[in-house]
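See the structures that follow.
Look for chain A in each of the two complexes below; its partner is chain B in the first and chain C in the second.
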Partner chain A sequence: MMDNSEGAQLRPGLWDTVNERYPGSMIVSADDVALVPLTRPIREARVAFVSSAGVQPRGTLPFDVVHPVGDYSFRRVPSTSRVEDLEIHQLKYPTDGAARDLNVIFPIERLQELAAEGAIGGLTPEFFSFIGYNMDPVSFERTLAQELADAVVAEQPDVVLLAPA
Partner chain B sequence: MSVQYLKEAAITGDHDRLLRYVRLHLGDGNEDAGRKEIDKAWVEALKLLLDVPPTDREFILGAIDRQSAATLAHLFFHLHFYFVQRSGEWIHDGQL
Partner chain C sequence: MSITVALDVTERAKPPRAVFVPFRMGHHFGVPFHRSLQRRIIMDALAYVEHARISGDVHRLPITWAQARREGLELEAAFPYRR
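Up next is the complex of A and B:
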């Protein structure tokens, strides 16, 4: 079993050096969006899922993981997808575990189960995914984040689950 | 490094700053690793040409002639990863 203590990090000190290695890449916003209270019981709530794991339906244009400044697009992932219909295009995090079980990074089957059991009210027809390697915070906020937010809102979720990779 | 930081470097001719960024990108945040990755890609490309196999120069020249400089720059990064992957020594956590 993997030791999750700090000493077992794959790249010790990684986050201590992010600003030194990638100055200016961190998003700093004075306009944080306030959390809003849930308006209905979770058992009635429609859940959307947004992930930066680079998960996408097989056959769709792969995320651009080689571009030096990043990829500012997102993919729609039908919430009814089977894991074998999905794939990952991502360079910047270990995907070995996800290759064995996609749910460790993109828990689509767990969410489908929760919906089937009635623990949650249901799933939005579409989930969403993008890659986290985006070195232009301004473009990220004005294009990807804005377009993604609009797409999520159009799904009319009651809850949005956000999962970084 | 933000794009603004890099654009300033491009304007002022600070190539060291730009090169460092490229190495960090290709080395997943490790500059020394990125430098080795660049070398690895060139070695792999060179090895493929040592026997002077036939190549499609019309395709190459046509692409250079017809495609934008930006598309070719993008292709350059694709080719880097192509040759690195082909070398069989893959340092990246994920996949293309």
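Up next is the complex of A and C:
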């Protein structure tokens, strides 16, 4: 087992490994994005959550996890959802922990608790999820990323937490 | 604010704010049923939203996967009937 005592990345060389296997698929940003200051304290902030874990409400169209270049759609996940009403359609990361407790990758119950306790101001009505296996970064940026960004902004969050699975 | 387990990927993608947790892929918020750790990662990430000063910097949270696993196993031993 790899020594993780210093807090190093548990699976090193991930970018190089994926880029070698799927040349050109990995995103590189040349520029820094300017920081937008938070306009209110966290305890008053409305929080959105976005995940590439492929989490979706049961009964919605499953993500296409075997498409050769990926699925560029996203799903809305009501922030009031119970974990029992959600499921994962994604093959590209270990889901053994999430199968026992979805909160290890999609911490909806913890966010609901923090909002109820007043540690954060509240939650946007909708959270969002997609799958990270998308092999065309140009299509990803022009379709999924843009449409998803528009949908998130429409929820009027103060803070967006993103967990790229 | 990105919460990442892939430091090398995040350093290239350059989200304006990010925290790194040295956990397994698919386990960004820790281990099953470890509620306090899951909450801590969320709140530490939110705190960094307020404290970040340089775009692209990745803040490392001071915890290891071994510590998270050990605490998770202790919790499950104490409460073996969790779902």
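The working rule: the second predicted complex is superposed on the first by the 144 of 165 C-alpha atoms of A that agree within 3 Å, B and C clash if a C-alpha of one lies under 4 Å from a C-alpha of the other, contacts with A are read in each partner's own complex, and residues count from 1 in each chain.
One rule holds in what follows: contacts are C-beta pairs under 8 Å (C-beta built on N, C-alpha and C of every residue); 3 or more make two chains touch, one makes a residue touch a chain.
Here the structure is a predicted model, which is why all the values come from computation and not from measurement.
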Between chain B and chain C, more extensive residue contact with chain A: C
Is A:Gly54 touching the first partner chain B, the second partner chain C, both, or neither of them? first
In the overlaid three-chain picture, which partner chain does A:Ala116 touch, first (chain B) or second (chain C), both, or neither? neither
Based on the superposed arrangement, let me know which partner A:Tyr93 touches: chain B (first), chain C (second), both, or neither? both
Touching A:His67 in the superposition: chain B (first), chain C (second), both, neither? first
Should A:Ala154 be classified as contacting the first partner (chain B), the second (chain C), both, or neither? neither
Quick check for you: in the superposed arrangement, does A:Met135 touch first (chain B), second (chain C), both or neither? first
Based on the A-chain superposition described above, do chain B and chain C contact any of the same residues on chain A, and if so which? 10-11, 14, 93-95
Touch list for chain C against partner chain A, complex: 1-10, 12-17, 20, 22-33, 35, 38-39, 41-43, 45-47, 49-50, 52-56, 60, 62-66, 83
Contacts from chain A onto chain B in the complex sit at residues 10-11, 14, 17, 21-25, 54, 62, 65-69, 88-95, 135-139
Interface with chain A, chain B side, in the complex: residues 1-5, 21-22, 24-25, 28-29, 74, 77-78, 80-81, 92-96
Chain C partner contacts - residues on chain A that touch it in the complex: 4-16, 26-29, 31-36, 38, 41-42, 45, 47, 53, 93-98, 100-101, 103-105, 107, 110-111, 113-114, 119-120, 159-165
